[in-house]
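First comes the structure, then the notes that go with it.
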Amino acid sequence: MDQNPPVPTEDPALLAAFEARIAAGESIEPKDWMPERYRKQLTRMMSQHAHSEIVGMLPEGNWITRAPSLRRKMSLIAKVQDEAGHGLYIYCGTETLGVDRHELVEALLDGRAKYSSIFNYPTLSWADMGVIGWLVDGAAIVNQTVLAKASYGPYARAMVRICKEENFHKRQGYEICSVLANGTPEQKAMVQEAFNRFWWPSLMMFGPSDTDSPNSAELLKWRVKRKTNDELRQRFVNLTVPQAIAIGITVPDPDMAFDADTGNWEFGEIDWSEFFEVLKGNGPCNRERLDARRKAHADGEWVRAAATAHAEKQKARSSTAAA
Amino acid sequence: MDQNPPVPTEDPALLAAFEARIAAGESIEPKDWMPERYRKQLTRMMSQHAHSEIVGMLPEGNWITRAPSLRRKMSLIAKVQDEAGHGLYIYCGTETLGVDRHELVEALLDGRAKYSSIFNYPTLSWADMGVIGWLVDGAAIVNQTVLAKASYGPYARAMVRICKEENFHKRQGYEICSVLANGTPEQKAMVQEAFNRFWWPSLMMFGPSDTDSPNSAELLKWRVKRKTNDELRQRFVNLTVPQAIAIGITVPDPDMAFDADTGNWEFGEIDWSEFFEVLKGNGPCNRERLDARRKAHADGEWVRAAATAHAEKQKARSSTAAA
Amino acid sequence: ANPLFEYLLRMGDDRLVLGHRLSEWCGHGPILEEDIALSNIALDLIGHASSLLALAGEVEGQGRDADKLAYFRDAVAFRNALLVEVPNGDFAVTMVRQFLFDAYSVLLLDALSRCEHEGLAAVAAKSLKEDKYHLRHSSEWVVRLGDGTAESHERAQKALDSLWRYTGELFDHDAVDDAVAAEAFIAIDHDALHSLWLTMVKDVVHRATLTLPTDPAMRRGGRRGFHTESLGHMLATMQIVARSHPGASW
Amino acid sequence: ANPLFEYLLRMGDDRLVLGHRLSEWCGHGPILEEDIALSNIALDLIGHASSLLALAGEVEGQGRDADKLAYFRDAVAFRNALLVEVPNGDFAVTMVRQFLFDAYSVLLLDALSRCEHEGLAAVAAKSLKEDKYHLRHSSEWVVRLGDGTAESHERAQKALDSLWRYTGELFDHDAVDDAVAAEAFIAIDHDALHSLWLTMVKDVVHRATLTLPTDPAMRRGGRRGFHTESLGHMLATMQIVARSHPGASW
């Protein structure tokens, strides 16, 4: 999908009407006219989001078989299952924009489609399960709460539904961390170490400063994006740092300091080179994530073929029966 | 391989000379004349022994990756490696009888060849590693010490070499059990439970009472077999029971009692139905053992083909170079 | 020594082990919708296991709760049937294994929901609803695979042939069953159960255009702790974190 | 905090993890003679690991012996290079991985056998002999596979392509290396090592009729505990018995 195709010639009257609707805060629905670029941007955002949910099942799925209590095991299965459901739901949303789900899946497996960079980090301890719920779902919620007022109706509504579940996941993740932070010395060390690994990558989830982000201006204009990356990132930091303090977790940032005037927790410079490496496909797990999805897809080929064949046989039988 | 083929007509003079040599305690070597049945019996015994060593790598190989100390890990790898070496050595021995190793392997993978029944039992705890060394190698040694005086030279010599290593394995196995028996309550329970599982099956390793064993009479005559199954079994029990008592392990046999007159530890009735089920292929692990060997063989096909292809290329190159 | 404890362990371990096996599919299913379905079933089964093991722990009366039983017993102490511990294999093995178990479980729980042990009857009744969904799902898949493509048919038949030997154990009855019948009024007619199960299975196998295997020798031992070598490896993964932090809370 | 301890951990963990991976082949090798050879190499490596970890524990001075370090650390505390933890894959992956490591290890141990830390120099000298056999064995196999059949060639190339990204890490040098050079007089010229290694590798790759991969981005992190997701699963199996009986002797 092009990021910057030549701007197709849109009917100026239609375009003006469209932008007026946006400015008035109206919801754009599937059957409404929309500029081609708007359709493309929405497709890109929604498909990236869906891919993120699907790929996001893997880092957490990695710990299901090792979850240390039956309750945590069940919660984790349910969380991963929710993510699959979110992915499905958003894929259905992309279909309202005229995109075939199978094309999207192919783009993902080919390595052409993007998904949230955070899922290219490996999960190395049980504590990652708490930290991911807390920080990653937490960051996603900050992003999505705002998207819930996005101009495209199906996307906005999907965000409302998904946010509800993700708020629950975030609370559960924080609870896991809280129990660990109040546990044995080994558990305390485990959760601090996990937090140290995920802190900066979760700040990077909001994307680079908008001056560096090619899509931002357009998306803000169309109210697809409602806040800048930096604004959202700051909101996330302000929410999260007190939570960390409350359970005795240290933020691995020597430059972090509370600014009483702004009410912001000021933080240090982000090393964006890591982010761009991950985006390029050179993150810790990029290859493993894609390999896992490809394997599942390839291994499942005969199963899907069987389901299709059986459905066709059933159809043929009922036609015959009806005839 | 037939157990009871029609007796081929052997030259009575050659047969008489052969039996005289046996009676005199002479060693029969590969180039000596031997009755066809003798050749067949030896091939059967030796190939079963080789197969047993190879299949026997699996129950112990099952715990290499979980060995709880570096020293035990290394010992176990070495033990399994020794077994592979024994198998190889005996396969070479069968080649002196004119049998192709690949035919033997094929017979094993096809399920046509026999191997010691004991290896059809699964290894379910770390303590099994101690118990197997102690009881299974222990029983094998009792069998083999006698076979070391067997009439067929290559087999007798193989037994001498192998027995040396197996004595070491037996002592190591007993030492593992001793440490467990003197360890934590959980370790004590673990080794007692493992002993309970392997006791009766190791008694069965000596085979049924000779009245029930089709090959015994002939093998005794030809000094391939030197003692009856029951004699060997009793010897094993007499050796082993005091060893168990010494480390506080209870033999799971309510009928066990020491007979001061004979000096034998008398033991209860063996349930031979289990043995015959295992022989028939219905033991706990028969299928898994064969599946594992078949998989290794099948997965290794391309590797063996590569080695052959490369060797041929090398040969062609040196011929060309020489030419 | 405590037959009701043993009995509940058997039921709890069946569902814990099977639920864990199913959970190994998360994120690796052949279809997204199926990933969700398998996760659902895994969730249900682990929930049932949780209730059953909790009940077992109460009956044992030595302070062991469901987690203690799940995470701190070795393989030889597990009492699940061998069927549920066999590795997932391909999707056909997973679905055939599931179907063979679901058919048994629905019949068993239906009978148990009417037994006189209140605690067990309640758990059975509650779990039965979900089991019926499981059975519908797995039998539909067995039919889909058996009567799908040539490849899926072959895989399904292979699965059925290799798993059949584990089905006898589900209907065994021993001293533990006799004791709970006498002491706790949990009286299951195993032969009748087996007969009903066979009828259900034959029907689905037939609709799936598969062939019912002829009885090979049945493999048993799980009810007495004589497991296959797979269980130990499965438990290594399942228990490692809990065992690495004895006494810790999660 | 203790760079020499970190350094020895890196070396010990490399050989422990690689030795463990190789030991997974026992009983499953493609040829009986090769089963024996792989076991031999696994044995040697675990022996080297044992010595190195014992030395590490002494240097750390907190009472941890080799077993304590091997069995009671979590994945994030391991310091092996990523190359050695990747799953065995097929025989080509195993052999290529082995060759890439053996070439590095022989050069490293040769240099270390002359370093001024007596304990380490002794371990290095002793291990070097065995490593040379390993290198001969693995390079012969890489050639055999690369210049064998079309299938073995393809598998060997695939293996090389997928493992190449882990080789950069072997020659990284960081503050730990600087510190041990300064404090313990263990000064390895990593660039020179890399250069020599590349020469050896190119020679074998050429004889194997394989193509040297072009540098993709290198994967690193093992030296700081940022492992792949494979290591944790490997350790679950490796450590489960020891962890289940804390404080016990074996």
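Before moving on, here are some points about what is shown:
Letters are used for the chains, namely A, B, C and D, taken in the order the chains are written, and counting of residues starts over at 1 for each.
Quick note on the criterion: a residue touches a chain if its C-beta (ideal position, glycine included) is under 8 Å from a C-beta of that chain, and two chains touch if they have at least 3 such contacts.
What you are looking at is a predicted structure, and each value in this text was computed from that prediction instead of being measured.
In the assembly without chain A, touching between the remaining chains still links all of them into one piece.
Of all chains, the one whose mean C-alpha position sits at the greatest distance from that of chain D is C. Between A-D and B-D, more C-beta contact pairs are found at B-D.
Work out the mean CA point of chain B and of chain D, and you get 35 Å between them.
For the pair chain C and chain D, the distance between mean C-alpha positions equals 42 Å.
Centroids of chain A and chain B (each the mean of its C-alpha atoms) stand 59 Å apart. In chain C, the residues that reach two or more other chains under the touch definition are 74, 236-237, 240. Touching of two or more other chains is recorded for residues 66 of chain A. Chain contact topology: the protein chains form a pattern that is neither a line, a ring, a star nor a complete graph. Counting only pairs that meet the touch rule, the chains in contact are A-C, A-D, B-C, B-D, C-D. If you check the complex, the residues on chain B that touch chain D are 54, 57-58, 61, 64-74, 77-78, 80-81, 84-85, 87-88, 126, 176, 179-180, 183-184, 186-187, 292, 295-296, 299-307, 309-310, 313. Put simply, chain C touches chain B in their complex at residues 74-76, 216-217, 219, 221, 225-229, 232, 236.
Contacts from chain C toward chain A in the complex involve residues 16, 20, 23-24, 26-36, 39-40, 42-43, 46-47, 49-50, 53, 66-67, 70-71, 90-91, 143-145, 147-149, 151-152, 155, 237-238, 240-242, 245, 247-250. Interface of chain A with chain D (complex): residues 62, 66, 122-125, 190, 193, 197, 277, 280-282, 284-285, 288.
Within the complex, the chain D residues that touch chain C are 74, 233, 235-237, 239-240, 243-244, 246.
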